[in-house]
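Below are the structure tokens for one structure; questions will follow.
Chain naming follows the written order as A, B and C, and within any one chain the residues start at number 1.
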Amino acid sequence: MREKILYVVGALAALLLARNIWAMLTGLPDEAFQGAIFRIIFFHVPAAFTCFLLFFVALTASVSYLKTGRMQWDSLAVSATEAGLAFGAANLVSGMIWARIIWGIWWTWDWRLTSMLVCWLLYAGYLVLRRAVEEPAQRARLSAVLSILSFTVVPFVFFSIKWFRTQHPQPVLYGEGKMDAAYRAMLYGNWVPLLMIAALLVAVRMRQERRLRELDALRREAHAF
Amino acid sequence: MTALAVENVWKYYGDFPALRGIHFAAERGACVALLGRNGAGKTTLLRILAGLSKPSRGAVRVLGQDCLSAEVRRATGMLGHGIGIYDELSAYENLRLFAALYGLPDAHRAAMEWLERTGLERVRDGLVREFSRGMRQRLAVARAFLHKPSLLLLDEPFTALDDRAIALLQGLLRESLASGATIVMSTHQLREALELATHVVLIVKGRLAHAGERTAAMVDDPGYLYRTYGEA
Amino acid sequence: MQYLRQVWTIAAKDLRSELRTKEALNASLSFALVILLLFSFAFDPTAEMTREISGGLLWLVFAFAGALLLNRSFARELENDCLDVLVTSPVPASALFLGKALANWVLLLGIEAVCLPVFGVFYNVDWARQPGWLALVLLLATWGITVIGTMFSALTVNLRLRELMLPMLVYPMLIPCLMAAMQLTTALVAGQAPEGDQLAWLRMLAGFDIIFTALSVALVETVLIG
């Protein structure tokens, strides 16, 4: 039953994405200064939103694990973190492609890209830690603490890096560089299928975690006696 | 109020239960020999009693208070596998440190007293790094008894002790029992343990196979317990 | 009151241990000096360039050398199972943490005190132009590094591959603290007392210290008791 729901969600997300891409390419006019490539923003920005939303989910799951000790929360924490890293990577790569086409360079140390890179490394460290701990309860406990520490430092990372000079385009959702209404609608609109994909990834990963836990318990039982 | 009450303790490692519903009690002056094969869960249980690990379910109470509280910790002494003393400090500095950590009012006096009792007063300023193994063991024993604990937890204490240290430890254990302390001692050396023990607890595959008084049959034939209540 | 005494006992023990063996101290200090030397080959800076990168360079050296020192903080308790004894004792885990952090802070400040004049000599940097403010920045930023480093030392104490993992985990978390320190130090070396932007950095540094100290104190028991 649950699998069927996941398939339906996946299919819906694919349909939405297809529809959005079609709309992007045919419906919206080219952006004045940057041309066709500007459309990458409809993936680049929502990917960042999704990434941090998932890290926040991981934070809540971590705190819940520490409070209740139930392994399901740990599964959610790792699944959300992994999915978050995937979307973070999507943001970084799309940013790099965009930068290459617009500015001719693969990377710039502007504050948004740099902050995202630092946060990505932070949470990659979460996965590294998990690999180093074999016992599931200890792994859950230690990575929960790391998740809490990592999320706390995220705002600091953003503020400190932002106070450097920036080369990134002005914010597009508020302030002076405000986008045309149609663009904004598409940007938020494209966020929906991305969120659905995120939910899908998390759900699939959680099922995998559950099976791994069962296997681990069986293995311990077999080895102990 | 019971001196030590282990109330339905479960410990999970992930989804695997290392301890399943361990439930027993001990009074003051009782010496519990904790028996079981390797991997049965003895060390896991001792670590929970020592406050090094939290039970997944259930609780451990010492004189009514949870074993994780500071009051109970102050009254608990532990001798684990490692000796628990600092190599780069002197014998005196080590005991002084632990006396301070346990909140003893006169740390200096306590340290000196125990240096004498364990025969280490002449090397009080020597660094532990330079001690012989026997001396380190005696210092470890001093550390465990320094604060006159009313709950003593020992994990296979007689392994790796030389005869002088064994005699010292047995004497101290008898003395503590006489003054009303409770002892939980996990051991493979059935004979030495069963001589001191008043009760035995046998753990088999994480479960409590037997908890009761020590009988003459057990002392005469240490394998009796395993045959009767657990796997041979 | 008793809590503070416990913190002090732990700090004193760590300091006494380390000052007697000097293992971590020597390793850390030599490492710092070698990096300073190596940087001179990497950059060959002009006088003006040196002033601009002085803050950055200095704090990179301190971060690397500090990591070496902080790694050992809880790991040294594993010998002879001393960590178990400390955790079993009535000393709360948070007091254990604060005591170790305090000792580490003092040791790291000592290393920095040696490195500063050496750096000044090698790179012709005058550190004494705003000594009061510089001292404040040193104290605050070193505390930030110490708190994070000690906390991660506790987090990874029971893990194999501890030494390999610690840099990967710790450095990203230190970035805001290090950036503030670098900005402030570079400005102070140029002789400017902090104002405006610089004060914002100082406030951020203080905020970082307070928040992570509080968080670490709250979480260290969870980390040490399984």
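Criterion: contacts are C-beta pairs under 8 Å (C-beta built on N, C-alpha and C of every residue); 3 or more make two chains touch, one makes a residue touch a chain.
Note that the structure is predicted; figures quoted are calculated from it, not measured.
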Pairwise touch network: line, ring, star, complete, or other: complete
Innermost chain by mean C-alpha position: C
For chain A paired with chain B, centre-to-centre distance based on mean C-alpha positions, whole Å: 49
For chain B paired with chain C, centre-to-centre distance based on mean C-alpha positions, whole Å: 38
Chain A and chain C, separation of their C-alpha mean positions in angstrom: 31
Sequence positions of chain B contacting 2 or more other chains: none
For chain A, residues contacting two or more additional chains: 137
Interface hub residues of chain C, defined as touching at least two other chains: 226
Sites on chain A touched by chain B in the complex: 69, 71, 135-137, 213-214, 216-217, 220-221, 224-225
Chain B - residues contacting chain C, complex: 50-54, 68, 70-71, 73-74, 76, 78, 80-89, 93, 97-98, 100-103, 143
Chain C-facing residues of chain A, complex: 66, 118-119, 121-122, 124-125, 128-129, 132-133, 137-138, 141-142, 144-146, 148-150, 152-153, 156-157, 159-161, 163
Residues of chain C that touch chain B when the two form their complex: 2, 5-6, 9-10, 13, 16-17, 20-21, 79-82, 84-92, 225-226
Contact footprint of chain A on chain B as seen in their complex: 12-16, 39, 56, 205
